[in-house]
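We just call them A, B, C, D and E in the order they show up, numbering each chain from 1.
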Amino acid sequence: MVPTEYYVALSAIIFTIGALGVLTRRSAIMIFLSVELMLNAANLALVAYARQWSAAGADVALSGQAAVFIILAIAAAEVAVGLGILVAIFRYRASSDVDGLAQVRL
Amino acid sequence: MIVGAVGVITLKQPVHAALSLVGTLLTLATIYVGLEAHFLASIQVIVYAGAIMVLFLFVIMLLNIQQDPGPGAFKWLRPAAYGVAVVVGLALIAAVTQNTPPLPAPEIIDATLAGGGPEAIGTALFRDFVLAFQLVGVLLLTGIIGAVSLVQRKAVSVQEAETERPLEAVSS
Amino acid sequence: MSLLLIVLPLVTSLMLWLPMDVLAKRMIAIVGSSLTFIAALVLPATRVDVRWLPGLEAYFSIDSSGAARTLILVAALMVIPTTVVAGQVLERHKGTFLALLLLMQASLNGLFLAKDLVLYYIFWEATLIPSIIMLGVWGGEKRREAALKYLVYAVTSSFLMLIAILALRPLSGAASYRLADLLVATPQLAPSVQISLFLGFAVAFAVKVPLMPLHMWLPDFHEQNHPSGVADVAGTLYKVGAWGFFAWALPLLPAAAASLSPLMMTLAAITALYAAIIATAQTNLKRFLAYASLSHMGIAGVGVFALNATGLSGAMYLIAAQMASTGGLFLIAGMLYARRGSFEMDDYGGLAKSAPTLAAISMFVLFASIGVPGLSNFPGEFMSLMGAYQAFPVLGVVATLAVIAAGVYGVNMFQRVYQGQETTPVNDVSLFEVLVLVPVVGGILWLGIAPSPQLAQIDAQARLGAQRLSVPVHGEVVPENELLPEPSTVPDTAPEETPAPVPEEDIRERMPDTLASTSWSNLQNLVGGN
Amino acid sequence: MTVAIAAFAPLITLLGALTTGLLGKKLKEPWAGIIASSAVGLAFGLACLAFIGLTQTDSVRVPLWSYLQAGGFNLSLGFVLDRLSVLMMLIITGVGLLIHIYSLGYMHGDVNFSRYFAYLNLFVTAMLILVLADSYLLTFIGWEGVGVCSYLLIGFWYGERVNADAARKAFIVNRVGDVGFLLAMFTCVLAFGTLNITEVGEAARGLESGSTILTVIGLFFLLAAAGKSAQLPLQVWLPDAMAGPTPVSALIHAATMVTAGVYLVARSGALFAQTPQASAAVAWVGALTAIVAAATAFTQTDIKKILAYSTVSQLGYMFVGVGVGAYWAGMFHVFTHAFFKALLFLAAGSVIHAMHEEQDVRNMGGLAKHLPITHLTALTAVLAISGVPLLAGFFSKDAILASAFNSQLVAGYGSHLLYLVLLGGAAMTAFYMFRWYYLVFQGEERFDLETRRKLHESPMVMTLPLMILAFMSVVAGYLGLPEFAFTNRFELWLAPVTETAASFAHPPAIIEWILMTLSIAASLGGLGYAYWVYALKNGEPAKQWAQTLGQFTALANSAFGFDWLYKRIFTRPAEQLAAVSSESDKVVVDDGIRGSLTSVGVLSKMFSVFQSGFVRAYALAILSGVALLIVVVLVAGGGQ
Amino acid sequence: MIDVNWLAFSPPLTLLISASFIVIFALFVTDTRISAVLSLVGLFISFGFTVVLFSQVQDAGMVSSFGLRYLADSMSLGFNMVIVLGAVIAILISFDYLRRTGLEHPEYYPLILLSSTGAMIMAAAGDLITLVLGLEIMSLAVYVLSAWRQNSRESEEAGLKYFLLGAFASAFFIYGIALTYGATGHFDYAGIAGVLAQESFNQVRLATLAAMFLLTGLGFKVAFAPFYQWAPDVYTGAPTAVTAFMSVVVKTGAFAGLVRLFTLLIPNISAVFVQVLVVVLLLTMLIGNLAALQQRGIKRMLAYSAVAHAGYLGMAVLAGNLAPSAIVWYLTAYTFMNTGAFAVLTLITDNQDHGDTLERVAGLGSKRPLLAAMLTLFLLSLAGIPPLAGFTGKVLVFGAALQTGYVYLAVVGILTSAVAVVYYFRPIVYMYFRDVEYEPINHTSPATYVAITIAALGTILFGLLPGWWYALLRGGEQLIANM
């Protein structure tokens, strides 16, 4: 079987790519997509660790998988609100360029 | 899968990027299968790649978001971001892969996870995570109320708002 | 009733916020301040001790015996004419000013009475606000800069003290923040720890004393305050730095006090002389008074750091005395300003001709201020310097040289304002002004002629302090058991065991040689005898 | 009991001062003077009572109230009425009374008449406190008190800047001396734990003679005494102090206050007797002052300044007296000097009064016939001070000379040389006093007719005191006849107070006679030579001298340049230091603090630069933070 | 079997029910002021439950629900009270404010209640999943509230910025949860602590890494440096009433999570974590205070000061079992004085929340003396001047840090508070020591006055009599005390 390290490393890579996406993309929606990538990286790690912990009993192992389920729901809720905010803003400004969001500063 | 992920953050057209993410998520689902999380794999496909991503695409289309305008004013930011990301990535990989204990025997895994079927997950969810499960409902409620409250208003024209402009600039 | 000394001015102050006629407010302020004075004069010493902040083991603990009483008494005496003047001369917000003044008095009294370190700190900071507002609202042209400067000095330093305060109990393991409990525990602290803590206290106190080089806020503070001098009087009452050393820093951290006192006393001696010299060159009356007052505080400083009962008592007495003398001078400066609209001494001259009574009173107060014997400042100055001389003869001599400089600046000022070619005649003192100055003159005479009753009170406390500092007090040896601090009265916080008093030899070992013996064989070396 | 009553004397004069001072101009002119004079008169009466009482007893203590207490140090105020203090009381109130009376005439018409008398009474009060005190601290209270009064009276006519400056100078120089006094007291407390004069004396007796601590105390007291008594190097204030009204010069700057230094040493006799070093210092300071001041007096032209330098010089004699251990002799000279020097000043005042404020002797001359009483009394005084035999000055000065010669106390410090110096000084005294007398009263009249027409003898109220003083100048000396041949009543009177450990050699009477002859010769020689120079040669030799000595004359004329020197080494540097410190206090300290505030500001600006407002930049900051965290964990996160 | 103690869960449940009710109710009645009153009622009931529980806890120790996944101990109940307090004051501020600024939309108050619910859940969370859910509930509502003023660039920016960065930070937090699970196999604190305490535990590095990620996520919410940069922009951009709410409630919730989590983790993971935390706190205090020094706008100044206060509060986190009481106390004081200050700001700024610059408040002391006096009071308390509540809070927090040996942290903290006094004083200087430069805006609002009164009374009374509340907080048993 493929050892856990590989999955976790993959998850780390995906996470980093997601983070990088947040930094490099100017469109809010793309940033948002990148964040989804990061969340999925976390899920991957959870699932991988769940398998790793299966020696410790079903409670421990399955709780990892259950957590993935919940995180999925969190992602969904975030999407709802995030897209809501985006849509609301787009009603006034036809751009999702976050670099335009620099009015408020010192 | 990595290719998909890279696609998400590099493709210029938002639609392409979103589709690339869908691809990534589908790949992830297959990996879940390999990790004995069958239920999650299916959920991943149905809910994530299906519902959530469709929502994304819908919004992208609705708002007619054009291609990402490129690095923009912050030219220095991109190289810096790459630099930091490389550090984060390498360090993270190095950190998480150290000292991992060996996997349990496949039989144990099979026995414990039982393939990660709905029954197993359900048991966990409704025993240990019953509170969390309830709270997910609250969370979604909040999300809905929030989204609705923002979107459902009567629009005030920007011009009107802009003419009421500040007494003085906040910045100094 | 010690509580009454805080409550009376506080309540009066609060009453003054109520909407009413200005005249009524003035009357209330005068009555309130007079009542406080009477209370300070006649009521016996009492103590209050209530658990206040359990997490920190802070208590509302006040005690009106000892040196505090004298300081409060003189301050209360000076507040009366100040309220009278303030109610008369201020252009705006009279009621608010009076309220602030009394608020300041209340917190100042609390500061002197506090027998719990945290409570002390609270009053310490509480005094700051009224004085800043007085400066900021009623001050002169550059009041904002002056206020900011004062604020930065005061707050930065007092926060350092706060660190020391907060660290003191955990480090020493004292049962509470009450003085009695701290006194039991703190001597056990290692000398290096004591020194760090002491420095925390010392900076805060040095700013308020003030000692060189932390004094720069003072001249601006006084120069920019309201020309009538009423806020300056409050400033002269607010000489809490030396008190802090006397009542807290020294007794709590004896080892640190012993090893740092040469340094601190050097600073104080330099302050005394340096400020006096600068005062000779001032042409602005208020700046002049500020430096003169700084010089006095330097002398009080050397008294305090002498670490013996003589110096400690003298310093406290000097602080009380300068409230009357320097405060009086500020009031007089205000009267001069009312006549001529200037604080530049060069705008005056020969006033003694047209205003002989004012000149006479000024001279009287001025002489009191420069330490002419028989008047208020002398006993304190004398004992401070004497104590200093006993501890460190050379520094004592340096500080004593300030007496000469005091003579110079005193007569300089008098000559510039009152003597010489007569300028435009001015009115002599009005009956109102005489009434204002009566308490000042009375206080100066009372403090100068019969200091003994007040000194006895101060001395009782000073001896305790000096005993802890283990510097041999000349003359008698006080029995050990009399001087041990009273153990805390609340049983559950009382220390399980009273640690054995540190043998005197131990403390002596930690002290520098100059302190360890002030016998005059040592002195012979110092003065280079044959 | 009668003795103790005298302790009320200061109170009486204080009441006098308060009455005249507080009522001020409400009192019509003579009344302030009368009140003040009666107060002093009453005090004089009390002093006389005490004097009579003290023939029965040695001393009476009058405790007042507790003053200081701190640590183990307690100090109660109290008066001690013994023969020394009562003697001083008599001088102060006696001469004081005469001068008060004289002032009634002298200050006639001054707008501040009552203020003048208030000050004068206040001065008497302070001086009485000074002499009656049983502790150094109370002495110091009086000591500063007289200084303050002296300041007030010198600057009495403060409208003139010169007068105010003179007052200021006197006050500041006195303060220097006061510091000496303070330090002496501090050292006393350090060494003995007490400031009670008697106790200090007893403690000093318990110490080995010549102990360093005693010398230190003694030298500090010397500084104090030098300040008050205008001795080297603090003599500079006294000549300037002549800016005050002349009766003030007579009372304060001749008869009483300036002798406080002598009194202090005499009071501390027990202590000084134990320290030959300090005593010798006192004596030598006195001797040097005596001739330096005398030399200065040669060239002065101001009628009062000559007398001032003469006072300084005579005070030097007194210092030698107390310095060599002959406390009675020093006090004896204080006693006699009080009469003739007060007389000289009052006479000078009378002259100035008559000449309408003219003070330059070069514009006088031949006044003898215009002011007969003044002339005669002044002549008496001149002869007395010159040491002409059988007058008061002769006996007192001779006592000092003899004591200096015989002193065992300072034997190791050139007592014979002291004698010679003083002998020379005596001749000089006779010379410059005669010069003074001749230039004022004899010779040609060097003033204009207008002045001459207005010349008049002073009123009775002024001449009566002159006459009384003249009488005393003649007879006072007989109280202290040389002991080797007669009964020295003065010494016996003071014996209980000033009996000393200091011993004197008792050479054969013949030596004593020779010494006396020598001093007579010196004074007569001085007088004779002066007569030759001024009366016979009309001052020509003096002019020649002046040319021959050139620089020296100029030096003497400027009082040996002390003022010049002090201005350069003290006053100006101090002023500059004050100015520089005052500036640097603003610039360095203030800007230093401000600078650190600015650096805080710069730092704070730096942080706001990061606050770009761009989401991605913020995200970068977050990720950078995370990167650091991960690296830290990677590097150091292994152990627990 | 699952034990569900409904009483223990009642405070957030009440809020949740009220929120739902109001949403439905608002469909029929459009007047939001009735919603506000209903919210207040809900909050009071919730408060009542909290008090009941609190008295139980004082006697019986901890009450838990859903296993050990929901903990009602004196600490979480203390946090609950602070949350209720913050919400009540925020609602009072909003009462007239919304109407005046045209922001009256029916979902406003439900979102406030939901956000408070989230914060309460964070305070009581006994496992990481509950914690993250509480965090998200709280945050999502606040994201929306920040963007509430849709015709304003600033508000819109605030909402989007907050949301994007918040989601970013949440991702870190969630990844941290995954790593924690990887290291320990548990999500619940009891389980985690059990594993970490085992002798044989060999995943310290991973656990520490997880802690770092968790710190990033929560540190973002409380605005620790270097994760603070959103705070000034969002605080400034959001409607002032919302700022008042989030500056206290979000902070309370996040700190509640932080305290429980880290007091549990710190003893068992690498010491380097503490060092990192110390550096973070130092930076936070420095940056918060120094940057605040530059501000001309009071609102923005308060935003930076919020960063600084996060630093002070963080100090107490290090203090082990002293931490909860000190932090709750501090937050109580902070809630009073900070909401009070914002409440005053709503009355002196225009409908777009502009006009909070120093020049604008010049001379306020004579124009609106009472309001100026109140602002002065709050600023003084924020500056930590005795005898106001802020002082006692500081004393407790710094005292806790010193008692646990973080002397230099306390020293830097106190020195930076000295800097803070300067910027807190600046508005006072302008209000009193200068003459009027602009015609002041004269808003009046009885509800806001009530809010200010509550805040002022709290600031003064808690300053004068700090003891009882602290004693209550120390009473009872707390989860962390067991560990």
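In the analysis below, contacts are C-beta pairs under 8 Å (C-beta built on N, C-alpha and C of every residue); 3 or more make two chains touch, one makes a residue touch a chain.
For clarity, every value in this text was computed on a predicted model and none was experimentally measured.
Hopping across touching chains, the smallest step count from subunit C to subunit E is 1. Taken together, subunit D and subunit E share the touching chains A, B, C. Taken together, subunit C and subunit D share the touching chains E.
Chain nearest the geometric middle of the protein is C, using mean C-alpha positions.
Looking at A-D alongside B-E, one finds more C-beta pairs in contact between the chains of B-E. The distance from the centre of subunit A to the centre of subunit B, with each centre set as the mean of the Cα atoms, comes to 3 Å.
One finds 64 Å separating the Cα centroids of subunit A and subunit C. Centres computed as Cα averages put subunit B at a distance of 99 Å from subunit D.
If you average the Cα atoms of subunit B and of subunit C, the two centres end up 67 Å apart. The multi-chain contact residues of subunit D, meaning those touching 2 or more other chains, are 608, 611, 613-617, 619-620, 623-624, 626, 630, 633-634, 637.
Counting partner chains per residue, subunit B shows two or more touched chains at residues 73-74, 77, 81, 84-85, 88, 92, 95-96, 101, 128-129, 132, 136, 139, 142-143, 146-148, 150, 153, 158, 161, 170, 172.
Multi-chain contact residues, meaning those touching two or more other chains, occur in subunit A at positions 8, 11, 15, 18-19, 22-24, 26, 31-32, 43, 45, 48, 50, 52, 61, 63, 67, 70, 74, 77-78, 81, 84-86, 88, 91-93, 98-99, 101-106. Pairs of chains that satisfy the touch definition comprise A-B, A-D, A-E, B-D, B-E, C-D, C-E, D-E. Those residues of subunit C whose C-beta lies close enough to touch subunit D in the complex are 149, 152-153, 213, 215-216, 219, 274, 277-282, 308-310, 312-314, 350, 352-353, 356-357, 360, 367, 372-374, 378-379, 382-383, 385-387, 389-390, 393, 396-397, 400-401, 403-404, 406-408, 411-412, 415, 418-422, 450-452, 455-456, 458-459, 462-463, 466, 473-476, 518, 520, 523-524, 527, 529-530.
Within the complex formed with subunit B, the residues of subunit E that make contact are 2, 16, 19-20, 23, 65-67, 69-70, 105-108, 110-111, 114-115, 117-118, 121, 127, 129-130, 133-134, 136-137, 140-141, 143-144, 147, 150-152, 154, 179, 182, 188, 202-203, 205-206, 209, 236, 296-297, 300, 350-352, 354-355, 357, 360. On the side of subunit A, the complex with subunit D involves touching residues 19, 22-24, 26, 31, 98-99, 101-106.
Looking at the complex, you find that subunit D touches subunit C at residues 21, 24, 65-73, 115, 137, 140-141, 143-145, 148, 151, 155, 158-159, 161, 164-165, 167-168, 171-172, 174-176, 178-179, 182-183, 185-187, 189-191, 193, 212-213, 215-216, 574-575, 577-579, 581-582, 585, 589-590, 593, 597. Of all the residues in subunit C, the ones that touch subunit E in their complex are 51-56, 118, 121-126, 128-129, 132-133, 136-137, 139, 143-144, 147-148, 151-152, 155-156, 159-160, 162-163, 166-167, 170-171.
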